[in-house]
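Structure, as structure tokens:
We just call them A, B, C and D in the order they show up, numbering each chain from 1.
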Amino acid sequence: MTIGILTSGGDAPGMNAAVRAVVRTAIVDGMKVKGISRGYSGILDEDIFEMDSLSVADTLTRGGTKLLTARCKEFYLPEYQQKAADILRKNGIEGLVVIGGDGSFRGAQALSRLGIRTIGVPATIDMDIACTEYTIGFDTAINTAMEAIDKIRDTSASHERCCIIEVMGRRAGYIALYSAIASGAEEVLLPETYDNDEERIIAHILENRSKGKRLHMIINAEGVGDSLAMAERIQRRVGIDTRATLLGHIQRGGSPTCKDRVYASMMGAKAEELLRDGKSNRVVAYYHGEYTDFDIEEALAMQKHLPEDMLLISRKLIR
Amino acid sequence: MTIGILTSGGDAPGMNAAVRAVVRTAIVDGMKVKGISRGYSGILDEDIFEMDSLSVADTLTRGGTKLLTARCKEFYLPEYQQKAADILRKNGIEGLVVIGGDGSFRGAQALSRLGIRTIGVPATIDMDIACTEYTIGFDTAINTAMEAIDKIRDTSASHERCCIIEVMGRRAGYIALYSAIASGAEEVLLPETYDNDEERIIAHILENRSKGKRLHMIINAEGVGDSLAMAERIQRRVGIDTRATLLGHIQRGGSPTCKDRVYASMMGAKAEELLRDGKSNRVVAYYHGEYTDFDIEEALAMQKHLPEDMLLISRKLIR
Amino acid sequence: MTIGILTSGGDAPGMNAAVRAVVRTAIVDGMKVKGISRGYSGILDEDIFEMDSLSVADTLTRGGTKLLTARCKEFYLPEYQQKAADILRKNGIEGLVVIGGDGSFRGAQALSRLGIRTIGVPATIDMDIACTEYTIGFDTAINTAMEAIDKIRDTSASHERCCIIEVMGRRAGYIALYSAIASGAEEVLLPETYDNDEERIIAHILENRSKGKRLHMIINAEGVGDSLAMAERIQRRVGIDTRATLLGHIQRGGSPTCKDRVYASMMGAKAEELLRDGKSNRVVAYYHGEYTDFDIEEALAMQKHLPEDMLLISRKLIR
Amino acid sequence: MTIGILTSGGDAPGMNAAVRAVVRTAIVDGMKVKGISRGYSGILDEDIFEMDSLSVADTLTRGGTKLLTARCKEFYLPEYQQKAADILRKNGIEGLVVIGGDGSFRGAQALSRLGIRTIGVPATIDMDIACTEYTIGFDTAINTAMEAIDKIRDTSASHERCCIIEVMGRRAGYIALYSAIASGAEEVLLPETYDNDEERIIAHILENRSKGKRLHMIINAEGVGDSLAMAERIQRRVGIDTRATLLGHIQRGGSPTCKDRVYASMMGAKAEELLRDGKSNRVVAYYHGEYTDFDIEEALAMQKHLPEDMLLISRKLIR
């Protein structure tokens, strides 16, 4: 049996660890592995090559994805999905591991319907995949964000500033919520809950000042955004030097944390096991303390909510 | 209601985050908090002081424990446990949060029987507490170990050496197993499974050499130990420069990772919630994806086993 | 003899180490030390307090400045300088250590003329103080910038992007030049040398693409700026996804590097030695391999130029 | 003109940056470059291969040495030196860059006498090369040591322990002295100055205890050694829990710091410039604030002394 592997969508630290695990476990189990460059585009461009154990040497510790990634709009169209299935078959690829997020899993689902056995592995720094309590890259991203915020705290505290730090998360506030709790931020603005009540934020700053608290850190998720203008408005209102920093792409990179390397390895190995067992249209998940898998359709229909207890407690901790 | 708080046993990064969470949530909920220095010794020495919100400012990011810790042998004796309960009562302390490991929970259990409401919070870098899938400090420790191993890999690869890296874990191989998978080590020796078959280790080294693999990393848990002598024996047998490094106490320290700060905060808050709700003799746990709690007796009776899937997959990944 | 100490202007990692060294060496030498909050403002506000050895415990490893800092426009006016000298005298302060940049040294010069013995210690992440080959904070800042760029490289390489990374340095390109060499960036734009020839930058990108190089990193100094618009223009012209990241305030913070802790300690001790020896109106410097000092007026008149050899070699290294 | 390049002796972070700089600048200047594996052994084994610009891609950020290194005892013998010169000539190599320490420079000197133009580049984490104020790898090593000590401080402070931390430096105390100042250690033992007066160390510990200082950190250089036994002796005498940690090989590895990457790049480029200019038997140096070069014989005859001012001030800072 020959399996293919690709990474798709936004890159996430740990993708290389997952690829390595698929390749190594497949070879141990007697399969052949072919790598595909740049996600689904690489199938259409037939950018497909053989991989062996050495192809993934010295990749475990590296951020990004050695297989490269790209967004491929064509792949939403049925004709291109059919073309991709044909190309995969032509290359002898019976099973395909797709490492990426929800969008990538939709592609995997399409290929599954066209007779290619596909397994998705959840990888996104945003954690916004409902069926799993862990997504590859999230742990590295929150540590990167936290360490950056720790540095900004130093200088903001020295100048007794108010600061707004914008972290990634367009639709999901996980990075913002975790990094806010971890850094003891005074405020966190999440796409899921933010009510645009800037008056409340301003009142909070003024209240803290009156209590003698001089540093005020606001973690703002990308999905709320508007940090630069918000900083200007707040400064004008409260008369305190207020600066915004957009952490940006540093959050996507970096050598993966131990958790990301281990969990990504386990998930990659799980994906290989599912293919080996003849499964298709499944997505690997870490759920209730163990590695498991879900039907892709079922997985895509699930809803994810920020944990209520974390939201509640985050508010109590900053008093 | 007045509650006390102490840290006990070996220190672990994140203990300060847990203390901060207990203090801050208790104050928001209208309780008074007293800190106790040096674990159970601090009760007997009546080293007890009031804490407010400011007492825990600037501690979230700090390793170690600001409350200090110590081992207290006397506390195994019933007469000292009675004395401690009396002192706590004299200081108006009705509930007590004990942050530590299994040994510390036994003390908490004793005090609970003597009428002090006690809640344990699991903190140990070794992860060897059966009722919970997370213990405070483990995530920081595995990252510290992994980063040290990454550095040793650089120099060992340059010299084409065999190296043995001894990590913490007297009875439990969690740090060794995680850091071995995360660093792609060729071998991992665990107290739970090591069969003293050094011949197999040597055969493995020679086999890899014959395949052209020149770096050979062995992660050895403290509970297996003997790394320096083992390095000498191996070097004598295989004729390859073999060095042992004992990572030692660096694994206990360091600013906690994001996970350790967040989970420790959540667990501290959970402990406060349990006391507020009138519970006693409970230990906080993270189990099957959520924060929960167990009876201390029940928790101490539980058995913990290294995950079988991790053991299996760790062997496949290094081929 | 009583001496005062303040930090002024933008904060820089290592300021605390310098303060600690002044305090500790002065006490060993039998002097009294008074701390002043928020730079020159703190003199005018008479925010002055006694310091002892313990006041600086646990500060060596911390970023920012525990003495706080602020810009003080009033202090440019002679009447306020006179007021400050009077207040210092009233508080028994005969000598003053001013840790900051060129602007802060002008204030020190003014006080020196008014009979307060002053010593400047160069601290700025920008390295733009002409008389010294080292300024406190530069080493930490370039490592922070480099580590952030290393992370951005991971993700940019995975997406085969062009990226522009804006680092600090309004008038001086030191952070940009060092971090560009250290990260192997394809291009570096410096305020001292940039000729606004965007056509050349674009030609360089296209040339590299044609050679098969797909990642293209441009380090841009704040003094050149315009990174977001530049990214848009470049993307429009070359048709390659191009993203800008402004590293911002993370570059000011963080626990100081070993060099920053050691050199800042040595410079603080040197400042104390100068005061002890009855000197005034001097600025401490690291020059040609040793710690020395210059007359402030002379120091402010010196010109600093980016090292020609580094500029030349940086261009050769990226071929 | 064709030049060869090798790394020799103990590896040091930044060696790859120096190799990259030699290769890239030589190619820009129209030379050919050949890499040699495992230092002088690689010449004798004729392990010589062509290098181009791509051979050094993705090496700048990596610790260790991609050219590998080895100690080669044979090379002390004139007959092997002659054989090496012959092999180099046979491979068309007219000039050779040797990256290493004093021992490696002696080999370079021998080859120079045999008509191969040789340039040494100083690389050792120990800083024990007299002609230069910077050696490749030192800056990374002191930061690694300091960060490890920072972690050990956390746990030692929590337990109020005395701790001995052994850092590298067999004959030279630079790593010990820098990391001791940077970490605020109470004591530092250097091979150049240690008088074996353990009574004084013990008296110092007891004095600090009596003053209420409970953490006591001793940085001990490898050249003094004996840390484990010393810890036992001290514990027996002072009755305070005393632990020794040997940092070991982590100090050799790790991604190089910004300074190491930049200075190593500059030194590599300088070596190429010297070969291009027809020089031989020179060693590159950073001396009094600029990159320069010395005759190898002259360089080897120079003496290096720990800076007196640092020794003096280090003692004042810990009061």
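Here is the rule we use: contacts are C-beta pairs under 8 Å (C-beta built on N, C-alpha and C of every residue); 3 or more make two chains touch, one makes a residue touch a chain.
Worth saying up front: this structure is predicted, and the values here are computed from it rather than measured.
Peer 1: When every step has to jump to a touching chain, what is the lowest number of steps that links chain B to chain C?
Peer 2: 2
Peer 1: Could you work out which chain's C-alpha centre is the most distant one from the centre of chain A?
Peer 2: The chain lying farthest from chain A is D.
Peer 1: Centroid of chain A to centroid of chain C, CA atoms only: how many Å?
Peer 2: 35
Peer 1: In angstrom, rounded to a whole number, how far apart do the mean CA points of chain A and chain D lie?
Peer 2: Their C-alpha centroids are separated by 40 Å.
Peer 1: Distance from the CA centroid of chain C to that of chain D, rounded to the nearest Å?
Peer 2: That gives a centre separation of 28 Å.
Peer 1: Among the residues of chain C, pick out those that touch two or more other chains and give their numbers.
Peer 2: 150, in rising order.
Peer 1: Under the stated touch criterion, can you name all the chain pairs that qualify?
Peer 2: A-B, A-C, B-D, C-D
Peer 1: Over in the complex, which chain C residues touch chain A? Could you list them?
Peer 2: Against chain A, chain C makes touches at 7, 11, 13, 62-65, 68-70, 144, 148, 150-160, 163, 243, 245-254.
Peer 1: In the complex, go through chain B and note every residue touching chain A.
Peer 2: Listed in rising order, the residues of chain B that touch chain A are 20-21, 24-25, 27-28, 53, 60-61, 133, 139, 142-143, 145-146, 150, 178-179, 181-184, 255, 257-259, 261-262, 265-266, 269, 287-289, 291, 309-310, 313, 316-319.
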